[in-house]
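So, here's a batch of structures to check.
Two complexes follow with chain A in common, the first pairing it with chain B and the second with chain C.
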Partner chain A sequence: MTEVARARPTSSDDGQERMPGQSDMWVLVMIEAITFSSYFVVYTIYYCRSAEAFLRSQSQLDLALGVINTLILLASSWSVARCVERARAGDHRAATRNLALTAGGGLLFAALKLHEWSVEIGRGNFFSTDEFFSFYYFLTGMHLLHVLVGFIALGVVYYQLKSPARRSLEVIETGATFWHMVDFLWVIIFALLYVMR
Partner chain B sequence: MTVAALAQETAPQPPASSLGKLAWQWRHNPKLELWLSWYTILVFYNVFGIVFFGITRTQPPPKAWWDLPKIVWWFHDKGWGLLVGFGIIFVMGAFATASTALITYSIRRMSVSPAFAWSYLILYSLAAVPGMLLTCIALVTGAMRPDRDPRLMGLLYDMGFLSFSGTMGIFLIGSVVWGVAILLDENAILPKWFGYFNICNALTEVVVATCCVLKSGPFAWDGVIAFYINMVVFGIYTGLFITYLRKMIEREDMDSPQVRGIR
Partner chain C sequence: MTLSAHQRLVAAWFTLSAITLVAWSIGASHGRGPIEPDAAVAFSAIAITLIKVRVIIREFMDVRHAPARLRWITDGWLASFGLAMLLAYFA
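Right after this comes the complex of A and B.
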């Protein structure tokens, strides 16, 4: 803790609190949050319109898989936070280890998502089967696309950590911010698709 | 003092009249070509908006689930609008290239490989303009002889609206190319957040792909997700890129080695 505090976690040179990462990335987070919120509102409206049909289809989803996916992504979010913390403290080896854990979590999440889709397709639930499954594939597909973009962000963080000549804390925090956004979006998608009934 | 600034300094004072000022700018403004491109973009997008949303009423798009009698009725109802509106686009469609040219120029000004600029240029040259024109050709063909076999009218209707949405894939890749170039650039030609916005715009345009599968609901080509939300993001994005291209031109130093290197 003292080591981290010495490393000036989120304060600028004049001692004032600063926003972690590039402020430009926060613009993306804001736009993505607004865009996804609009998708969530549309989903909720369609859900309310035909709640019975949605419930019927929703009950076919594997809640356990959804919970496991959520835990994996939350764990990966924790490890990317640890990565930033270690990078701030100058322990780049530990930061890289945590980054590898994050990427591993992301890969596991993607693999489980593909498995879940294959199970649903095997049951005859396609994108065009009904409105609920259209939303299900759309929301989880859009999210998976963000996870894939997140791998690029993690790659950039790794590139920074690899060489002592780079190691820009700001870029590392920026990559982590994107990964946290991916996690945050999933938590809402999970609540809407699997839990809200 | 730079050569361009010196040339402007030694040029005669601009006359008081508006026409005189315009003529002075034409002769002495070193950024004339850039400004011409920028105003062409402005004119194009305004005409595009008026034609697609006002004259032809093809945006917001009509329902994707309509049956053949309804489609034939639509062609009858919108006939003159389609013919006049898309006639204007046939005349002015090439103005769209100004946008491609100025964005390509912005990428060439960045500290990134010219491959980004060429990729962007080729993507838009080969796909965006023909994609837009294909929509116009299909719908004008339908409007020209609305007494054709209804099945043919249905084909033209689907082809027209699917080709309009289909070109979004090209915009998507173009948006990624421009966005990545902005993020890698060290010359600060455009703000980094706009680079991220490009990525965000590309991610929302993926949504349009769903219109090939569903004919009704939020994912159809007229749906709230596949069209309306996407159009709002794209509209804001377009407004922003026009604004930031203007700012880029205002800041441009025409005598800098980087600018002279690509001219």
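Right after this comes the complex of A and C.
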């Protein structure tokens, strides 16, 4: 275990306050959260200007697929949280297993998103079809880009877990933090694009 | 009774998944005739989303154990975002 790992509590329930992951990652998370928030508010303003047209296009989306994708990302977020919890307990084998589950969930999410896009394109719904589909492809595309960056974060976590010589809980938590951000951004996108009326 | 870290994560995941299914039932009127703007659905969708995001931040991202400034910053962003969304929809 590295000096960094030894210096940090092994349990999150020890009653002590501590930063989960590196501060720099939290700055990035807040910048991303504020940036996406502005996209979501702009979407809502455009939605309210022509709600009927937005709802006509929204009704073509597969709500069940949106729900399944949400459940998949929530499960992957749980498994990466479990990965961190196991790493804190020193059970790196279980941590790696949970990390693999997380990556599997991410891959499944990306595959279903590509499938959904292909279905919509097959129906003649392109980026330029109307305002709703412009927002749909922009928001889901930006999010998928973050999922891909999330795989790099998961790769860094795997690299840390693989060798006892370089295990750093702080870096593992930092990678997990990015993946959780990908999860909560999708939770908001799902509500706006699939549910809100 | 104090839950272990593992039990808390399972409880958070279960809560988030259950809330997602509630959101599904709210949006499930798709395909059942004409869909019209519905302020109650919009308010519910935004409220449910804010709850889910806070559970993810507090439980999965472990912000409940973070220094107070991070707890305030994340709650401040979430409150501001919720307010901005409600103003964008209802104003």
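Just so it is clear, the second predicted complex is superposed on the first by the 181 of 197 C-alpha atoms of A that agree within 3 Å, B and C clash if a C-alpha of one lies under 4 Å from a C-alpha of the other, contacts with A are read in each partner's own complex, and residues count from 1 in each chain.
Throughout what follows, contacts are C-beta pairs under 8 Å (C-beta built on N, C-alpha and C of every residue); 3 or more make two chains touch, one makes a residue touch a chain.
What you see is a predicted model, and the numbers here were worked out from it, not measured in a lab.
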| item | value |
| --- | --- |
| Chain C versus chain B on the shared chain A, clash or fit after superposition | fit |
| Chain B versus chain C as contact partner of A:Ala165, first or second or both or neither | neither |
| Which superposed partner A:Ser134 touches (first chain B, second chain C, both, neither) | first |
| Apex chain A: angle to the C-alpha centres of chain B and chain C, given in degrees as a multiple of 10 | 110 |
| Touching partner for A:His146 - first (chain B), second (chain C), both, neither | first |
| First (chain B), second (chain C), both or neither touched by A:Cys48 | second |
| Partner chain in contact with A:Thr35 - chain B first, chain C second, else both or neither | first |
| Chain A: partner with more touched residues, chain B or chain C | C |
| Smallest separation in angstrom, by C-alpha atoms, between chain B and chain C in the superposition | 15 |
| Shared contact residues on chain A - chain B and chain C | none |
| Chain A contact footprint on chain B (complex, rising order) | 191-193, 195-197, 199-200, 203-204, 206-207, 210, 213-214, 217-219, 224-225, 229, 233 |
| Residues of chain A touching chain C in the complex | 11-13, 16-20, 26, 30, 33-34, 37, 40-41, 44-45, 47-48, 51-52, 55-56, 58-59, 61, 63-64, 67, 70-71, 74-75, 77-78, 80-82, 84-85, 88, 173, 176-177, 180, 183-184, 187-188, 190-192, 194-197 |
| Chain A residues within the chain B interface of the complex | 22-25, 27-28, 31-32, 35, 38-39, 42, 46, 127-128, 131, 134, 138, 142, 145-146, 149 |
| Residues of chain C defined as touching chain A within the complex | 2, 4-6, 9-10, 12-13, 16-17, 20-21, 23-24, 26-28, 30-31, 35-38, 41-42, 45-46, 48-49, 52-53, 56-57, 59-63, 65-68, 70, 73-74, 77, 80-81, 84-85, 88-89 |
